[in-house]
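Look for subunit A in each of the two complexes below; its partner is subunit B in the first and subunit C in the second.
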Partner chain A sequence: MQNRQAYLAAAALLVGLALLGLWGERFLLYLAMRVMILAIFALGFDLLFGRTGLLSFGHGAFYAGGAYGTALCYLHLSKDPLLCLLAGLLLATALALIVGFFCVRHTEIYFAMLTLAFGMMIFSLVWNLREITGGDDGLVGISRQAINLGLAKLPLRKEGQFYFLVLSCFGLVLYAVHRIRSSPFGLILAGIRENHLRAEFAGANIKNYRLAAFVISGFLAGLAGGLGVLLESNAAPFAAHWSHSSEPVLVSLIGGLNTLAGPLVGSFVFIVLKEVVMRVTPYWMLWFGVVLLVILLGFRGGVVGTLAQALGRGAKEARS
Partner chain B sequence: MSAPLMEVRGLSKAFGKVVTARNIDLAFQAGELTSIIGPNGAGKSTFINMMSGSLAVDAGAILFLGRDVTRLPIHERVGLGLCRSFQVVNVFPGLTVFENVEIPVLVAAKRATRFFAPRAREAQAHEAVREVLERVGLAARAEVKASELSHGDQRLLEVAVALAARPKLLFLDEPTAGMNPVERVEILKHIRRLNQEGGTTFIIVEHDMDIVFSLSDRVVVLHRGDVICDGPPAHVQCDPQVRECYLGEEVA
Partner chain C sequence: MAKKGMSRRQFMKAGLLTAAAAALGPGVLKPTGLWAAETKIKGPVKVGYQTVMSGTLAGYGEFHKMGAQMAVEEINAAGGIGGVKLEMELRDSTLKAPDAIQNARYFVDSWGADFLAGVDSSGQALALAPVMAELDRVLMVTHAATEKLTEEHVFKNGVRQVFRMVTPTYQDGYAAAIVAKDLPIKTWATISPKYEYGFTCWEMFKSTLAALRPDVTFTAESWAPFGTTDFRSHINTIMDAKPEGLYSVEWAGELITMVKQGQQAGLFKQVKEVMLPVGAAMDVLEGLGQELPDNIWVSGRYYFLYPTNQANNDWVGRFHKRWQHYPAYVSEAAYSTMYAFKKAVEAAGSKDTKAVIGALEGMSLDTPAGTRVFRKEDHQAMYDVPWGLTKSDPKYPFKIMGKQVVVPALACFARPPFDGPASKPPFKS
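On to the complex of A and B.
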């Protein structure tokens, strides 16, 4: 019953987004794409943070891996957008595998600080390797070429066309993360969060499970980074900065931990709020912070958690 | 006599100048319910930690089913059938009773790495989970969150989680700690029955002597890292050395 409702809600969301893609105006599409890209980033991140209980402050590095992989492929190898995305995914996943290998040996604050340190190392590489990464200028001039399907070509140049590539990725990621969350593997991750010692004595090699969760979240961060480059037509070094790594953390906390809807709601609130506040005041960072504080303090367990609790209470009262 | 289930040879461990295991030789037979007792600081917890892999040994060898497991990591020992429970309740508090048991069942069945298949279709595993819950008498509370169980039931659940990995040898570290007398009798009956049902041999580490004499086939007494007595409960009860170092302090 609950499952069916969730499927219906997801289907309604995707259909609604598709309709928006057909009739929405350009700026609205641009915002919707930013929400979806951030949601892809946050969905992967929450598998690690909300599900496995590991708080990373370095996932901006994998986002940047995806972004620079995509941009470098475009500039040096091939202009095929899917091939470029694939290159970005490879780079992000490889980075996540290496960084994760060292980080998953530790937990809690040590894990968080290690990921922060690795993230800043990668940022400084991006910042200083001017010949490769363009340094503080980043890599610019990446335009969206058509996807070549052999017989037909799918153009992506216009917002309204690229939108459907982003939407497809978003839909696929939503489905994949749902499958992972309801798999045996997903249950072991929850067990590691709840009690990693017990999980070890259940016979699980918890380092491998943690690493797997880390790499999956790094992969999805890379996908978000690659799509971000195609959307903005450039790769910027601050994608790897810790301030960008904090975005999925905030999104997870705003939306609610360890739910499928949490990262979606969190991403929506985050992007829309930022956009609105920026228009009203030049001190947008200050007011954005104030509003975030109110949400984080007012909605314990995130927007989704609070709503679910309220609905649950309502349902109980209706029954009694 | 058949080969022992587990054998310890020349086991030694010291923390600085405090010796918690001094050249211990012990063998445990399958099906023989053994208790390890000793006053505080006797080295009981250290012993269990070395057996289960939480603590490295200084010297000596641990053989399980004839295989040297001295340097094997925890999860591999569990995979061979060597598991333990803890002094403080150690379950997955935020998960349901069913999920608590499902985790070790899935790992033992080598299905835990399936990351894209729905868990709901793991019918065989779920059957095994229900069976374990029946055995310990928690079947009726399968959908309750572990943190909402009573203390006694949480300890039972812990035994269930440990049993679900289908261990051949299970160390229970003070299984009755923090229990009221009724719960205590209850869980001991369970342990006795589970040991008789076969498949799993229990070794209980206890502080309280009354418990173990009524329950065990064999009692091993540790004192400051030495085995000072080893035999059937009646024999151990009469041993003057045991009375002196252990009972003595309670009688006096």
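On to the complex of A and C.
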């Protein structure tokens, strides 16, 4: 019963987004794409944070891996957007595999600090290898070429066209993450979070499971980074900085941990809130921080958690 | 520079039109005021302005704002642009490229900007150029100095929407070298920002000075990343190399910090000549006050006591009265940008991007900094800015330029087609 409701809600969301893509204004599409890209980033992140219980402060590095992989492929190898995205995904996944190999041996604060250290190492590489990464200036001048389908070409140049690539990726990721969460693999991840000793005694090699969750979330961060480059036409070094790594943490906390809807709601609130606050004051960072604080303190368990609780209570009261 | 009232010809035109309208009857022609002849311009002219309003460089943003706001007030008090109001909205650019793009998209697609202006960092300007082509709005850059913006994006890639009001890196690199060739020293070193702007300026300085003075050598480089607050290791690197000259394109708060820490370390006693291409920026002059050493070379993209004519003096007076500050170069650029939009829109008779680009190309504009001409090929404003030696003056609470050397824009700006040594100074003629 509940499952069916969730499927209906997801279908309604995707159809709504598709309709927006057909009729929305350019700026609305731009905002929607930024929300979806952040949601992809956060969905992957929540698989590690909410599901497996590992808080990473270095996921900006994998986002940057995806971004720079995509941009470098565009500038040096091929201008095909799908090929560039693939290059970004490969780089991000490889990075996640290497960093994850060392990090998943530890948990809690040690894990968080290790990921932070690796993330900042990758940031300083991006920052200093000026010949390759453009240093502080990043890589610029990436435009969206058409996807070559052999017989026909699928143009992406306009917002309205690129939107559907982002939407397809978003839909696929949403489905994939849902499948992962409800698979035996996903259940073991939750088991590791709840009690890793018990999971280990039950016969699960928890290091491998943690690494798998880490790599999947790194892969999705890379996808978000690659799509971000195609959207904004540049790759910037601060994507790898810890301040960017904190974005999915905030999004997860705003939306609510370990739910499918949490990262979506969190991303929406994060982007739209920033957009609104910036309209009111040029000193938006301060007020944005204040509002975030209120949400984090006021909505224990995130927006989704609080709403679910309120609905649950309402339903219980109605029953009694 | 502000057009106060109307010229006689405009008065006659308006009078004749009103008379004609009266003769034809109110049903046929409806002049709605003095500017009835130009009612093609619809609604307010909206300018989206972005500059850095946060962090250590926020002082620049304040100066941008003063100039831009003053121009908006003056233009609107004098009847607006072609009879319609000029509106401006200001946003914090944070100096990061993704934020600059988000601002531009917000301005054009959500707020409905007709023109964009501002932009401080070179990285932002380069990232914005292709987006401007897509958004199809004119962007007047009032600070970012990278020559790649105008040479590559405008001239080679044909992004016709981008213009630049201020002197580019040519003034900081090429002109500095032309000044440095007459200095009696043979070794130079640099502490400069670790990004596009720093690398480019040093490269330009070196290549031109080496061509003019084969006996000069460049002995040390120290690159300070954006956000550096402790310059001591950089200063030590330079002092260990014992150069006779120091060249630095550090700017704003970071330049202030570097000079203060350099004073403590005895840097200015050790080196004979110092060149600070953006040392004459008002936030630096004010920020350092008497701590800025005497007899060092400074320049900017406009210096408030040059040119010494009535128009500039009046403007500086009005500015000081309005804000209790002397104008920084970004204030002048922001101010002149609004008048450039005014002149171009009125000449084109519309806000349409294509028409305004046509009007701006080759347009000559009288500004506080002198007469600017927007070079048609690369959309770069051509005008002269002096280099000068600092000295104290009892009239000002900060150091001003004593001896001045003007390297004309024609002698120090790279020339189209921006390819090969013939395009770069030193020029034969």
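One rule holds for everything that comes next: the second predicted complex is superposed on the first by the 320 of 320 C-alpha atoms of A that agree within 3 Å, B and C clash if a C-alpha of one lies under 4 Å from a C-alpha of the other, contacts with A are read in each partner's own complex, and residues count from 1 in each chain.
Keep in mind that, in the parts below, a contact is a pair of C-beta atoms (placed from the backbone, for glycine too) under 8 Å apart; a residue touches a chain by one contact, two chains touch by 3 or more.
The shown structure was predicted, so the numbers you read here are calculated from the model rather than taken from an experiment.
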Next item on the list: Judging by the criteria at the top, classify the pair subunit B and subunit C on subunit A as clash or fit.
Entry: fit
Notebook entry, point to check: Touch check for A:Ile98: first (subunit B), second (subunit C), both, or neither?
Noted result: neither
Notebook entry, point to check: A:Asn195 contacts which: subunit B (first), subunit C (second), both, neither?
Noted result: first
Note to self: Touch test for A:Val140: subunit B only (first), subunit C only (second), both, or neither?
What the structure shows: second
Next item on the list: Name the contact category of A:Leu129: first (subunit B only), second (subunit C only), both, or neither.
Entry: neither
Check: Once the shared chain is lined up, is A:Ile180 touching subunit B (first), subunit C (second), both, or neither of them?
Finding: first
Note to self: With both complexes superposed on chain A, which partner does A:Leu311 reach: first (subunit B), second (subunit C), both or neither?
What the structure shows: neither
Margin query: Tell me the contact category for A:Leu154 with respect to subunit B and subunit C: first, second, both or neither.
Written below: neither
Notebook entry, point to check: Which partner does A:Ala236 reach: the first (subunit B), the second (subunit C), both, or neither?
Noted result: second
Next item on the list: Quote the smallest CA-to-CA distance from subunit B to subunit C in the superposed model, rounded to whole Å.
Entry: 35
Check: If you look only at subunit C, which of its residues touch subunit A in the complex?
Finding: 53-54, 90-92, 96-98, 101, 105-106, 109-110, 122-123, 126-127, 129-131, 194-196, 199, 225-226
Note to self: Could you list, by residue number, the parts of subunit A that touch subunit B in their complex?
What the structure shows: 176, 179-180, 182-188, 190-191, 193-195, 197-206, 212
Check: For subunit A, which residues count as touching subunit C in their complex?
Finding: 25-27, 30, 127, 130, 135-138, 140-141, 143, 232-234, 236, 238, 275, 278, 282-285
Margin query: Give the list of subunit B residues in touch with subunit A in this complex.
Written below: 52, 73-75, 78-79, 83-84, 86, 90-95, 99, 102-104, 106-108, 111-120, 122, 125, 161-162, 164-165
